[in-house]
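Structure provided below as C-alpha cells; questions to follow.
First chain written, first letter: the chains are A, B, C and D, and each begins at residue 1.
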Amino acid sequence: MTPHTLVAPPSAAPSSSPQGGAPGSRDAVALRRAYDQVRAQTELLCDPLVTEDFVVSSMPDVSPTKWHLAHTSWFFETFVLTPHLRQYQPLNAKYAFLFNSYYVQAGERHCRAQRGLVTRPTVQEVFAYRAWVDDAMRFLMDTLASDPAHEVWSLVEIGLHHEQQHQELLVADIKHVFFTNPMRPAYLTSALAPAGVAEQGWQRIEEGVHEIGHDGNGFHFDNEAPRHRTYVAAADLAHRLVTNAEYAEFIADGGYHSAPLWLSAGFATVNDLQWTAPLYWERVADSWHEFTMAGLHPLDPNAPVTHLSHYEADAYARWAGARLPTEPEWEVASRLHPVAGRFVDSGILHPSANAGSGPQQFFGDVWQWTQSAYLPYPGYKPAGGALGEYNGKFMSDQWILRGASCATPASHARHTYRNFFPSDARWQFTGIRLARNV
Amino acid sequence: MTPHTLVAPPSAAPSSSPQGGAPGSRDAVALRRAYDQVRAQTELLCDPLVTEDFVVSSMPDVSPTKWHLAHTSWFFETFVLTPHLRQYQPLNAKYAFLFNSYYVQAGERHCRAQRGLVTRPTVQEVFAYRAWVDDAMRFLMDTLASDPAHEVWSLVEIGLHHEQQHQELLVADIKHVFFTNPMRPAYLTSALAPAGVAEQGWQRIEEGVHEIGHDGNGFHFDNEAPRHRTYVAAADLAHRLVTNAEYAEFIADGGYHSAPLWLSAGFATVNDLQWTAPLYWERVADSWHEFTMAGLHPLDPNAPVTHLSHYEADAYARWAGARLPTEPEWEVASRLHPVAGRFVDSGILHPSANAGSGPQQFFGDVWQWTQSAYLPYPGYKPAGGALGEYNGKFMSDQWILRGASCATPASHARHTYRNFFPSDARWQFTGIRLARNV
Amino acid sequence: MTPHTLVAPPSAAPSSSPQGGAPGSRDAVALRRAYDQVRAQTELLCDPLVTEDFVVSSMPDVSPTKWHLAHTSWFFETFVLTPHLRQYQPLNAKYAFLFNSYYVQAGERHCRAQRGLVTRPTVQEVFAYRAWVDDAMRFLMDTLASDPAHEVWSLVEIGLHHEQQHQELLVADIKHVFFTNPMRPAYLTSALAPAGVAEQGWQRIEEGVHEIGHDGNGFHFDNEAPRHRTYVAAADLAHRLVTNAEYAEFIADGGYHSAPLWLSAGFATVNDLQWTAPLYWERVADSWHEFTMAGLHPLDPNAPVTHLSHYEADAYARWAGARLPTEPEWEVASRLHPVAGRFVDSGILHPSANAGSGPQQFFGDVWQWTQSAYLPYPGYKPAGGALGEYNGKFMSDQWILRGASCATPASHARHTYRNFFPSDARWQFTGIRLARNV
Amino acid sequence: MTPHTLVAPPSAAPSSSPQGGAPGSRDAVALRRAYDQVRAQTELLCDPLVTEDFVVSSMPDVSPTKWHLAHTSWFFETFVLTPHLRQYQPLNAKYAFLFNSYYVQAGERHCRAQRGLVTRPTVQEVFAYRAWVDDAMRFLMDTLASDPAHEVWSLVEIGLHHEQQHQELLVADIKHVFFTNPMRPAYLTSALAPAGVAEQGWQRIEEGVHEIGHDGNGFHFDNEAPRHRTYVAAADLAHRLVTNAEYAEFIADGGYHSAPLWLSAGFATVNDLQWTAPLYWERVADSWHEFTMAGLHPLDPNAPVTHLSHYEADAYARWAGARLPTEPEWEVASRLHPVAGRFVDSGILHPSANAGSGPQQFFGDVWQWTQSAYLPYPGYKPAGGALGEYNGKFMSDQWILRGASCATPASHARHTYRNFFPSDARWQFTGIRLARNV
C-alpha cells in the first residue's frame, strides 16, 4: 500500500485477544514474542542483499531497503519510546527528520524523492539504529510485562503491523531494484516448481443485506471499521485467479491495442507508457518470460498473472466478458475460506497455481483488484493524534485490493483487510479474480 | 461533465413518453419543437460574444465557443444525418475530423489541445454549418413526422441532451475565458440582486434498503440505470447549500493551511497551485470579491459558494464537523422535492440564496459534490456502436456531483442525473451541501 | 529575432543622414513620411486575414497578429508620446500592461504565454488604438517639424525599425498559425513561379585583419556597433544558398539518422521532436511538398531551402564537406554586393532561386545561419533607460544569422545587421550558405 | 567538462616529448610510470568513502563514484586492450554496455539517468574490474616497452588524461552527493587555513594579432588545436580572482534581484531555481557559511568565490563595472605565468587566497568563466573513429572556462586547456577573474 493506514481505534484489541476489550496477560507475552519475530523477519528478508542494494530507489514509488529498516525503527522510537520511556535518548537527532514518512504532526520530513540519494547513515549504522531501538523496546516491554493493559502494548501491536506492511513493500521494492539493473541479479536461488491449474468455477454470492468490515475483535486498521450493513445483489465470483496463460491470450488477441476494452485514462496510460504486457514480462526468443525474485524464467502458464495495474485488470475482465468483483462481494465470498496460503514467511515469494478445486487463492498469491474505490465505510471515524492524524487522507483516486500476496506476512492477512493503490500501480504483487452478474 | 456519457439504452423512451416503450406521435411533435428550441438556445447564449471570444481556449478543460457550436452540429451530422438521410452531403469534409471530440469509432479526431488554435472555419462559417445541419435535420424530421417509432427520434433526443450538456460547458468555459483576460469583460450587464439566506436545518434520511437510479420511463443517460437497491444508513442532509460567508470563515480560520483537514492529494494540490480561495475569488482592498458572469463584484455573503474543487468541498465539510453526502443519500433526499430552480434558460447565471425554509436548492444553483466515486451501478450495461462505445470509460478517479446548476438548462435536470468531475476541477458551478451521521 | 535589440546609441543618426551627428531637416521630413509608410505597411500585411486569424498563438514563439499591431503602437505611446506630448492620454490604461513585451523598466507585463488567450480588446479596438496613437504621433511630429534635432526623431526612427522587425515576425507567425490549422488556409493566392538555379561557385575571403560592424553613419541597432578589427583567415564562401533539391539529397542519404553529422544536442532534438525534414515540408504521395504562404505546393527544387534550425544547417554543412560561415566572413563577403532582393514589401513572401551567376542571394531570400555565437562586439556599450536597459540581455545560447529574408522589409536590411535565434528555431525564413577553409 | 573532448590528433606527442613527432623511449617509460600513478591517484581519491557513497547520483550531472571507477577502466579496455591485446577477455560482457558514456560507435550504452540505480556490480567488483584491466594493461605496456612508437602509447596517454578528467568530476560529484545528504558528511577532516588576500591590480593585454591554441608539441585535446592567429584589442585582466567577500557585497546590494544586471535567461533561471547565492552557500545564524569538502564552515572572506554559474559570473562582472575576459585575452595573459597552484594531488581541495601581489591564481584554485562561447578554432579538424567521432559535438550553448581548479590534477593543467560548461552549471569549482576595456 502506498501509503498505508496505520491506526487502530482506541478500543481495538490485539489479535491475540479475540474477545475484545483490554488485552489479557497472554497478549503482552505474545506481543513481546511477536516483536522479536517481526523485527528478525525484516532483517531476514535482507539476507540476500549486498550493501549497495540497500541504498537506491529505482523509481518514485520505491524506497531504499535501508530506509525501510530505519523508518520502521523510527516508528517505534517516535510513537513508543519517546513518549513512554523517560530515559530514552535518540541515537542520532537527525534520524527523526530522515526517517519520518508523512506524519506532519510528527515533525518535518526529508523529501521522499531524495530518499535514494542518502548514502549516510550507512547500512551498518542503520542496523545499529535498529539494535539501539530494539534494546530500548525490549527494556520497556519487560518493564511493562506486568501491565498488559498499558497503552504501550497497543502501540507495539500497531508498530508490528506497520513493520509487516514494510516487509511487503521491501520485497516489491527490491524486486524492482533488481529488475532495473541490467545485470539482473536474483534474490532467490531456488528454482520455481511448475504448477498445475484448476478448472475455473464460480461461487454464488446470495442477494441481500450483508454485513462487512471488522467487528472489533482483534487487531485491525481503522479503515476496516466499522462493521456495517450493505446491500449486495446476487453475483458469481471465480473460484480461482486468472492465470498467465489466460492473460497471454488477451495480449495475443490485441487486448493492449483495443480502445473499447479500456477505461479512457487506462488507454491513455497504455499508450503513454507503451505498455504491452504486465510489468516484468519480457519476450525472449519469441516466448514470454517473467522476471521473478529468482531471476528471469519462462512464464509459468498456470501461475496467477501478477504485476498488473487496475487498468489492465479492468480491461482483461471486460475482454473476458466478466468484471472485477466489488469489495463487499469479495469479503462475503472469502469469509467462507480460511486465511491460508504461501506468504513471505515461507520464503517462496512467487504466486503459484493450486491444483485443488473449489474456491481458492484468496490469500498468499496476489492482491486482487476490485471495482470499488477506496472510500470510508459509513460511520468511519479517524483517530486523534499524529498516528491517526491522516487515517483517511488517502481516500481519493485509489482502488481497493483484497486478499494478500506471497509478499505479505502470514499473520498480517485477514478477511477484512483493505489494501489500496492507484489505477496505474504495477510493482506490487497484484492480480485478477473475475466476477459476473447473475 | 468532462467528458460526458451520452447514450440511452435502446429501450429508453423520450422524456415526453412517461410510460416507456415506443414514443407516440406526441413525442415526435415535441422533439421536433424541442429541436428548434434547443438549437436556438445555444445560439442565444452566444449573443453577448464578439467574434474573438469564440476562438480561444483559456486552459485545457476549456473548449472554444466556436467548437461547441460546431461539435454539437457534427453530432447530428454524424449520428443522424449521415446514416439516415441518403442525399445528405457534409458541408465540408474536414469538419468531421475537426469537430469529433473523443468517439474513436467515429474516426480520427483533431487534437484537443489544439482546439483553441484553429482560426478557420470562421465563426460565420460555423454558424453557416449549423444552419446547413439544421436544414437537413428539419427536412429529415418532417419526413419522419408520421413515423414516431423511427429510431431517428431517439437519436434526436440524445443529440438534444448532448447539446444541452454543451450549453452548460459553454457558459462555464466563456466565464473562464473572460476571467483570463486582464480586461475582465462581462457577459451579463444586469446587476445581481442581493439575497437573503435561510437558517440551516437538517433533513433526515431513513435507514434501510432504498431504490435509486432511473426507472426507464423517460430519457436518461445510460449511467443512471439500472434502478437498483442499495442500503442506506440513517443520516441528515443539510437543508441548504453552504454560503460564501460560511466558506469565508473557513478561509479566515486558516483552512487552506491546515493539513489535517485535507486529503493528502488535496493538500498537495493546494500547495502546488497555491490555492487560497475558490476559483474567481479575489481580494480587492481587503475584502473578498467574486468574478461573476456580470464582472467583478463584492462577494454576496448569502449566495451559495461555488467554483470549488472536490478537495475544497471535502476539507470544508471536515472543518465544519460534517461530511459530504453520498450519492444515494442525495438522491433519496432530493426525490421529495421538485426539479425547480433558476437555470441557464432564465438568463441569470448566478447561484443565489433562497430565503425560504426547509430543504431547498437541489437544482438550479450549483452542482453538489458527493463523497461517492463515479462507478457503474450494479448491472450497468454499456450500449453498442460508436455512440455507446465508451459509455463507462470515464469511470475512474472522478467524483459524482448531483443536482443541477444555474448553468444547466431546466429541461436537462433530473433527480437521477449523475454528473462527474475529477478532484481538482473548479471551473464548473460546483458547491457544497453538508451531511452528517445520525 | 526573438526577442530583438532595439536601441541606437544616442549619437546614432537616422539612415537618411549618412554623415552622422544630428539629423538635418531632410531627415525629419523623411521620417515623417516613413512613419506613414511603415505603419500602413503593417496594416497592409493584415489584409488577407479574417478577424479570427488575429487572435491566436499557435506555439510559444508565435504572437497573435493583434498583439503585434498593438505592441508596436504601445512602443510609440510609451517611448515617444507619454514622455514628449504633454496632453497625451492613453486610450486605455490597461493596454500598457497588455502590450509591453519585456521592458522591465517600462512596468509590469502580461504573461507572454497568455497572449493568445486575450479576446478583448477586439481586432477593431486594436485598429482604433493604432489610429489613436497615429493621430497623436502625427500631431507631435508636425509640431516638431522645425526642430529636426529634437530627440523625438531618433525615437521615431527606432520605433519604425522596431515595427519593421514585427512585420517580419508577423509574417512568420501567421504562416505558422495557418500551418497549424488542419484547414490549411492560404495567405497569398498567387501561384509561385518556378525558378532556375545557378551553378555553385566560391567567393574567396582574403586572410588578414578586417573591420566589421557598423560605422555609426545611419541607423543601426546597438549590437551592430562598434566597428572593430578582427582577424579572418582565408576562406571560401558559396556563391548561392543551398537549394531544396540539395537538401533533399541530404535527407535521402539518411542525414537525419546519422549521429556523427550532428551536434550532440542537435541529434537529441531531432529524436525528441522526431524531425525528418525542415518545418513545413510534407510527403504527399511520395513526393516532397512545402507549405508556403500560398498553401501547400510541390517542392521547388531550385528554391533555397528554408525553415530549418541551426542544428540542421550545421549537420547539412558537415554532410556536404563544408561548414557554416563565421559572422566576419559573411560580412566581409557581403559588403561587395548591394542590399537588394525580394523583400516583404514586394508581396511575394517566398524565397526563390536566381538564375544569375556569381555571389548572390545575400538579402531577400532567407536568413543565413553562421557558426558564430551571438556575443557582444569588443567595446559594446548598452545604452541607458528602459529602451536600452537590456540591449545585450539575449547574448547567450543563440547563433548569429546574417542577411535578410523575403519577410524582411527592404529598408530594414543592411550589411551589418545581426539577427539571432537559438539552435532549434525553425519558424523564421532561415537557410544555408556554405563556407569552407582554404 | 561535461562531456569532454578526448582525442589528440595522430601527430600529437606525449607531453614528455616536447619536440613532437614519435615519442622516444623515455616517453614509453614515463607513460608506464604515469599509468600506475594516475590509476592509483583515482583510487586514492576514494579513500574517504564508504561503500554506500559510491552508488548514488545526486542529480543528473553527477555520476556515481563507482561508475567513474569503472568507466575509466572501460576506456582502456575498449580502446587499448580489445584492439591490441589478442588474448584479452573482458571480465564481464555486460560491462561494455554499463560503462560506455556516449561513444555511439563503441556500441549501445546504459541510460545515463539510470547510472545511480545500479547496485551491481558491487564496489568490490568494480575494484576487481580495475585490477583486471590494470593487469592486462601492464602486461601489454611491458610487452611494448621496446616499441615506443607503437600507437598504443598515444592511446595510453589519452586514457590517462581521460582518467584525470574523471578525477576532477569525481571530486565535484562526491561533494554534491555529500551536500545532498542531510547528515552532511565531510570528505576531508583537516580544517581550512584562513588566508590573506592581495590588493586587486590589472594586467595589460596589448592590442594586436596574437597566436593562441596548442602548438602541437606535447599532449593536448583536439579542441585546443590548431594554433592560430586572432586579433585582440587592448584590455586589462584582473590580477586575482573575485573573493567571497566581494561576491557577498554583490548579494548584499540586491544583485540577485536586479534584472538589469542579468542576461535574460539568467534572470529567469535565478527566479525559477530560486538562487540567492552560489551553490553551497548557506545562511547560518545570520552569517554566510559554505559547504566544503571538509563540511560546513563560515565563509572565508578572502578565498576565491566558487560554485557559481556563468549567469552569476556575468551578472557580478556587470555589477562590478567590468566584464568577463575573452578566451584569447585569458590565454595571452596567462602565458606569462607558470602552471602552478594547489591541485587535487595536494589533497587540499579548496580554493584559497594567495597573499602575493601581481597576476596570480591562474591555475589550481577555480576554473574561470570567459565570455567566449565554446566554438571550434579556425581549421579545427575532428579525428576519425569512435574516439574522435564526436570531438566537436558539444560545441553549442556552452561557455569556455580557462585555467584549472583545486580539483584538477596538476599534470592535467595547461595554458591552452579549453574547459566548457553550459550557462547554469554550478557544481564544478568555477569562479571569476574580471576584465575591462582599456
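Here, contacts are C-beta pairs under 8 Å (C-beta built on N, C-alpha and C of every residue); 3 or more make two chains touch, one makes a residue touch a chain.
What you see is a predicted model; the values in this text were computed from it and never measured.
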* Farthest from chain B by Cα centre, which chain is it? Let me know. => D
* Structure fact -> Here the gap between chain A and chain D, centre to centre from mean Cα coordinates and rounded to Å, is 48
* Rounded to the nearest whole Å, what is the centre-to-centre distance of chain A and chain B, using the mean of the C-alpha atoms as each centre? -> 39
* Using CA atom averages as chain centres, what separation in Å is found between chain A and chain C? -> 61
* Indicate the residues of chain A shared as contacts by at least two other chains. => none
* To do: Counting only chain pairs that touch, give me the topology of the graph as line, ring, star, complete or other.
  => ring
* Write out all the pairs of touching chains, ordered by chain label. => A-B, A-D, B-C, C-D
* Structure fact -> Seen from chain D, its contact residues with chain A in the complex are 50-58, 66, 94, 97-98, 110, 114, 116-123, 177, 180-183, 185
* Asked: Where on chain B does chain A make contact in their complex?
  -> 3, 102, 104-105, 209, 228-231, 233, 259-260, 262-267, 310-311, 326, 371-373, 375-376, 378-379, 389-390, 392-397, 422-423, 437
